[in-house]
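Below are two complexes that have chain A in common, paired first with chain B and then with chain C.
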Partner chain A sequence: MVITPHNDDTIAAIATPIGTGGLAIIRISGSKTLEIVDKIFKSKHDTDELKSWHIYLGNLFDKKDIIDEVTVSFYRSPRSYTTEDIVEIGCHGGIFVARRILDVILENGARLAEPGEFTKRAFINGRIDLSQAEAVADLIHSKTEISRNISLKHMEGQLYEKIERIRNELIDILSLLEIELDFSEEDIEFVERENFIIKLNHTIEEIEHLINSYSTGKIIKEGINLIIIGKRNVGKSSLLNALLREDRAIVTEIPGTTRDVLEEQLDIKGILFNVIDTAGIAETDDPVEKEGIKRTHGKIERANIVIHVLDFSNTLTKEDQSIISKVESLSNQKGLKIISVINKIDLDKKIEIEKISYFENNIPIVRTSAKTFAGIDDLEDMLYQKAFEGENKYNTSDVIITKKRHVEALKKCSGSLKRALKTSQTGLSSEFISVDLREALDSLGEIIGIVTNEDILKNIFEKFCIGK
Partner chain B sequence: MIDSNKIYDVIVVGAGHAGCEAALAAARMGMKTVLFTINMSTVAKMSCNPAIGGLAKGHLVREIDALGGVMGTIIDETGIQFRMLNKSKGPAVWSPRAQADKIEYSERMLHLLETQKNLELKQAMVTGVTIENDKITGVKLFTGSEVRGKSVILTAGTFLNGLIHIGLFSYSAGRDGEFAAKGLTENLVSLGFKSERLKTGTPPRLDGNSIDFDKMTVQPGDAKPQPFSYQTKAINRKQVPCYLTNTVEQTHKILLSGLNRSPLYSGKIIGTGPRYCPSIETKLVRFADKTSHQLYLEPESLRNNEYYVNGYSTSLPEDIQWKAIRTIPGLEKAEITRPGYAIEYDFFPPSQLRPTLETKYIENLYFAGQINGTSGYEEAAAQGLMAAINAVLKLHQQEPFILARSQAYIGVLIDDLITKEITEPYRMFTSLAEYRLLLRQDNADMRLMDYGNSFGLLDKEVYEQFCEKRKLIKDYYEDLQQIRPDLNAMNQILEGQNTSQLKEKENLYKILKRPEITLDKLNGIAEHPLFESNNDNRLMDQVRQQLEIEIKYEGYLARQNQQIERFSKMENHIIPEKIDYSKIKSLSSEAKEKFDQVRPRSIGQASRIAGVSPADISVLLIYLKK
Partner chain C sequence: MVITPHNDDTIAAIATPIGTGGLAIIRISGSKTLEIVDKIFKSKHDTDELKSWHIYLGNLFDKKDIIDEVTVSFYRSPRSYTTEDIVEIGCHGGIFVARRILDVILENGARLAEPGEFTKRAFINGRIDLSQAEAVADLIHSKTEISRNISLKHMEGQLYEKIERIRNELIDILSLLEIELDFSEEDIEFVERENFIIKLNHTIEEIEHLINSYSTGKIIKEGINLIIIGKRNVGKSSLLNALLREDRAIVTEIPGTTRDVLEEQLDIKGILFNVIDTAGIAETDDPVEKEGIKRTHGKIERANIVIHVLDFSNTLTKEDQSIISKVESLSNQKGLKIISVINKIDLDKKIEIEKISYFENNIPIVRTSAKTFAGIDDLEDMLYQKAFEGENKYNTSDVIITKKRHVEALKKCSGSLKRALKTSQTGLSSEFISVDLREALDSLGEIIGIVTNEDILKNIFEKFCIGK
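Coming up: the complex of A and B.
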């Protein structure tokens, strides 16, 4: 997070997402909040002074014109999100009303907030720590249920707690080294190197576990890239519409309607899927179609899951077989996950299922009819299952890393610890290992604050009888 | 006795380890100096442990020596048992320690003080300072006289309102048998200084004739004693052993039976004592499951027959001390010559100081030693020396002398003092030095002698020898990269050391990287002074040692240098002195308060203040950019 200075500015912004909705909220924060609201809002109950933690109904004025009937909630400093005076104005939805109210607020002395500036103020004013601030930003951007769940956990400091526990383990381990150095003349039993290595290994494992959670965290935060491929007119777009349960992709009976790559976002049981519908893959001379097919190939490379759609009502073609061999090889090389869908089961069967090599290779086959919605639930189950297959296993009680900055710090930490392990195995004495361990602690400090020399000594004095 | 027209350049108050170093350094830098002590026969006295050095403290002594202080040479002359501690570890944590003949140590210091040009030693109690426009003008004596001086260094030790406790009995004293200093604390507090209370303690001393040493384990010193000072050629004094025994369960029972009359546990003592040096009763209470504690009997002098009981510091009543000591193997008939005691004293939280040890409120007034909340002779001496150097530099209107944490333990010490909250007597530990691998006792001269020389504190001869050493190290380092000895001869040596043989010639620099290979194992391998076995003298030993360390641990040393580089941006980011922290709105109130109190010199120092978060540092950086 980049921190920029702020002074006595009062800031305002529309807090709800841009778009149509029943309600919109405009938030104002800063020392001039009440002054501004006084000028533009008149409560229906002739209130002299707004009380903190109360909601008022009234009219919002632009000079003498009423813009909208609104609710005003007041949070007095320091008991507010930013610790400054905050007012939230709830108005009727729609971009126009909210924009006009914001304009009036700005005309009366506020400045438009930069993205994330409310959270930034909360952070700078000591209301939340850095990892909490980042989680709030994630919460605002989080798109699905599970993602929201993780953001909430971070805000409650679960990440903080987990890393603090690891940090305390490291302080314990470092203390074991330091007593050998600073208290070697004391009547203390020093820890065997072997024992030390066991402890160190254990901590490394914990950190690696957290690092591994990043790929899951990333999926939860950014979504899974899902691509739908298949030869022309097997019903790819209809299938996507069935999953979306609305008509977005253009569907016609003419093969090759979807000429470009379409992207949609799909929420299945709280997991975000970025779905890419593609042009059908076929031999063609049409330059527009050619370009579409080229893009499809590019997209397959970046996908996590591919749905290959086959037509129940037609026999397998050379085109089908070439797609099969292409995705199977990608699956082997890059771990691309495949689901094969046999669509159009509402029609008569012509496909020779035994000729599909997916069968032998244990690739799941789901039978659907995009038209009748048959099998769509099965497909959704299969997508959810595949999303968390392998390394992305997700347990709702796990602490999951979703921030690049955090995973980088943890990787640095793990690297230092592995060096410490190596150093301790070469038989060098504790002060050399200590260099690595201190670096590891500094890396964790980038997430939750630094460990001082005194912290280490304090730990030693608490746990060992020092003083001959 | 006092000429009221005379204006001293430097007035030092207190002749302990800080005061003696300060007075000698100021005088040797050409300043007209006077040193006041309450008792001229007890200068540089070892009030507690009769030893100099020890883990991390030995490093300090080597640094003091490299800067031109006297602690190293005096202990070399008066030490009666030398040991290099941590010898089984890497060179960065080796630390010299010596038992001192404390009577001779004190006498030797007295001799230096009395023979030092520009220095007057006087007996008097100082009760206050005189100032004009927040600038020091001199000191007041308890007789009513005033002495004028351009700068004043206060090194009052445990004497400020010192209060000794033995059981529930207590009396006013600076240390065992000496007056406490009255009036000075109150005078300074009236000038706006804040004072607090600390506590420390000492064990009983025993009559050697009453000890049965046969029941104890003998602890001899090193066979080849290593001197502290770079100037000392060899240790020639008679060496004696220490003795090891231990407490038994009966000892614990008796000691615990006295807890109801313990000043520590009855709430009589208010000052905080050191966690690293607890009294025996504290150890029993805190670590109740330990059935025995080691005790070392250390000789106090070859001239008397008293022994110091290391590990048995106590302020329990006299009868309990005596009864308990007689349960200890070898001490069944022991006679206590002086009982153990606890002492409470005033100190001035050193956040009131600048990095030069000058006070923030009164110009040209400096504090050094226990008055700053430290413990230990070495910590005190280091501060005394640094305060004097800076006092003199300031009188000459020269740049202050501030050592960085990456340069010396002394730098770590002073930065910690002025930055961190002192809640117990502060002592040095190697773990307090972030750049421990570089701050070794063996290279204190390489790190600091240029400074010592520039202040005129080093003998010409000593500095010239150092320059020669430095040149040899540089030349030989290059030589080792060039010399590629005969393959057969080399392989013969490698085979003898159980390390893999070479296929083709290799330079000696690479060979020395192997842990099994040291320079002495390569005798005769090449025609070079390094490999001549008859070329053994202290200088050559030191050159070999430096080369081995630099080559063997090169990777680690380079990494520490990179760390210094990384943090130097923060250390070099200077904060303007007149900054008003209350105006930086987004700072947490704790940070505002701490910043205002400490007034950090750099962002690096600011980041080390307890209670300051990384967010506060970011906010401060933003504010400074504006």
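Coming up: the complex of A and C.
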């Protein structure tokens, strides 16, 4: 570790979002916390009487002026988020008051915290490992139930424990190697070498299992890109609205943001679906009909799932057929996932079902009415099923890798282990194997922060919000 | 009071702003608070062991699922914001987690709080008066130091105490009237009547003083509308930027909001200046030069202060002169406040100062260079001075009325008192005077919430944010 374990300076930041609200919290952490509080906060109690995990009501001062009536919550080192002395000042919400109080704190000896610096201190001071620190940011940014749940589990140390267990297994394997080295002249070598290979294979399997979980983890973390296509007037826009109805629409973070410039996001059974090209969906009366498929083409490349909408109440056109063959060829060539929707089933049937080649090609067809909501639940079931098609099913007790950084470290680890296995089979000296195993251990150590450097940390914590 | 003093239901809301942040706080208030917490929160302590003004770390559950690791701060009735049992749950920030926890709380027996309902309960339960409740919202929405300070003072009860003192004086005066009634056959009447009139006059004076403070209070609360005009290329835009430099620009609430669609706001010595028509300022290369003044005309009507910018490095044009006479006539007719700025003093002088009639008309002229910042401080001093010109100077210890509702009640009160005075001088029966005095008392009672009704309360609290 290249990190200095101690922080002499005291940091402060507004920990709640910026905006109008009833409450704002300003957080201070570091050895000078109480010294600063003593200068700016007056209550019935002296600062040296403040008890840990207690709340005090009083006035916050800038010299002689009262700035606000506030609460002070005190967490004495080491039983705090950062393991340092922490005070959280609860003041009236809004922008001006909280900034004013932060200014007073900074004038009295604290420095403005960098994004994620409180959590970074929790890591550096050894309260949590690096995977737990990363999970804090993921939890804050989670948008669906499943991503919240996985982030929480990682924050609780689920990934840390798994990695630690594998590291201990590797250390066991390394010790087998030591025995081999010690008794290299004797019979014992062969027995231990066999044992060594069995254990190593088992560990590689475990690592590969984690690596494989990443495709599921990526879906959970980043969501599924969904595109709704079809010729005009088949009800693409109404279908999207039917999917967006009620609680499934994810509210964007900034109130008042214009909806139509954003991708719509759906939460279906805890999975995030990013609906791309909603502009295209709205163009139901586009005069240049034949242009439709061309323009959408580029966007289909970005999609994981394509919904192709057909109209139950009209005969198939050349354009419908052209979209069908386009989409089918993309499905064959690039493994694009397709759901065919026959919409407007509340109207009289005119579509010639037998002419749709989707049936022959095992592409699922869902019948819906965006108007009456018939079939919308089926479509959602199908979307959830397609999302995980070809992936491992998500199981709440599984350890799921959700970060590129983690999967890359695991791949390096797996590579080192496979080299060790190969070396051991060629009968080369155990010392060569030992080098590979130590590299594998280092790769695992990167995930939980045993092996790390300032660049990695900077990269991780700069994505945090300020105040956490 | 038409209000029911008890609230059987328990309310909950997210008290921090919606957005991404390190922390979010969900607040619960009411008799069922602990019962709800008992169902959803597990820590080392049983719920009945929770101590008031203590913080507890634990897990928040939705049935068997852990939703987040949270802190629970407990405030036992009556020592709480609402005087009811309050719990504040501190969870990881972001949108999803806080909403999820709020949902769990609502499913377990609380109801979503209306905007301002916590503060409304603090008022209804008698912990604060109505003027203090209103000041809480003002404090949250304050944008400058002076408005924060006045809101805080009202929140601390400064206005309440003033109104209460005047009410007590009125009650004294009423008692003088009673004495008069009791001894109406005797000599005592005359002496008391004189005393009565002196006291009444004094009270009227106090009320009028408060009413007069409203023009200052309005400036402090709503700010000053400022417009910068002048022909093109005189440096209007640079001058605005010079005023906006550094800490004076007020940051708007929603990050990422496009600046140019908003009015710019300046904080000059604690006074808010709303710069109107910033679009006009940017149009420095408008080809239709002569159109300039016409288009700005309508906007000048909305302004409290006009800055007219002239160019030090050029001779005066017909257009300059036309703006000067326009603005001067508005100043004479409508009392518009004008500051003349001669900009670009870093360049060589060409302007014919003697031709500017502003000098003769006592309109202040400030010389600036937006480029070198010369004179910008003088301009700010002048803006502050002009803001309060013709108004009472703001004095930190004064009680300042900032709300229309309050000034209207005070005017009604003053009217009643003046009627009482007149009646007493005409020698009519004291009973008539008594009716007027009681009306005056009621008007004062409206301000602090002794006399009120659901409509007034609805009107006041619906302007609050949720969670306060």
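Operating definition for what follows: the second predicted complex is superposed on the first by the 272 of 468 C-alpha atoms of A that agree within 3 Å, B and C clash if a C-alpha of one lies under 4 Å from a C-alpha of the other, contacts with A are read in each partner's own complex, and residues count from 1 in each chain.
Everything below uses one rule, namely that contacts are C-beta pairs under 8 Å (C-beta built on N, C-alpha and C of every residue); 3 or more make two chains touch, one makes a residue touch a chain.
Note that this is a predicted model, so its numbers are computed, not measured.
Enquirer: Regarding the shared-chain residue A:Ser73, is it in contact with chain B (first), chain C (second), both, or neither?
Expert: In the superposed model, A:Ser73 contacts chain C only, not chain B.
Enquirer: One more residue to check, A:Arg438. First (chain B), second (chain C), both or neither?
Expert: first
Enquirer: Touching A:Ser429, do we find chain B (first), chain C (second), both, or neither?
Expert: After superposition on chain A, A:Ser429 lies in contact with chain B alone.
Enquirer: If you stack the two complexes on chain A, which partner ends up touching A:Ala24: first (chain B), second (chain C), both, or neither?
Expert: second
Enquirer: Looking at chain A, does chain C or chain B touch more of its residues?
Expert: C
Enquirer: Taking the superposition on A as described, I'd like to know which of chain B and chain C A:Tyr384 touches: first, second, both or neither.
Expert: A:Tyr384: touches no partner chain.
Enquirer: Kindly classify A:Trp53 by the partners it touches after superposition: chain B alone (first), chain C alone (second), both, or neither?
Expert: Touch partner of A:Trp53: chain C, not chain B.
Enquirer: Enumerate the residues of chain A that count as touching chain B in its complex and touching chain C in the other.
Expert: Of chain A, residues 465-468 contact chain B in one complex and chain C in the other.
Enquirer: Which residues of chain B touch chain A once you look at their complex with the stated criterion?
Expert: Interface residues on chain B, with respect to chain A: 54-56, 85-86, 88-90, 92-93, 274-278, 282-283, 286-287, 290, 293-296, 310-311, 313, 420, 429-432, 434, 436-437, 515, 553, 556, 559-560, 563, 585-586, 588, 607-608, 610, 613-615, 618-619, 622-623, 625-626.
Enquirer: Considering the complex alone, what residue numbers of chain A touch chain B?
Expert: Its residues touching chain B are 3-8, 121, 123-126, 129-130, 178, 180-185, 187, 426-432, 434-435, 438-439, 445, 449-450, 452-454, 456-457, 461, 465-468.
Enquirer: Which residues of chain C touch chain A in their complex?
Expert: Its residues touching chain A are 13-25, 27, 53-56, 65-69, 73, 75, 90, 92-97, 100, 118, 136, 139-145, 148-149, 152, 155-156, 251, 253-256, 465-468.
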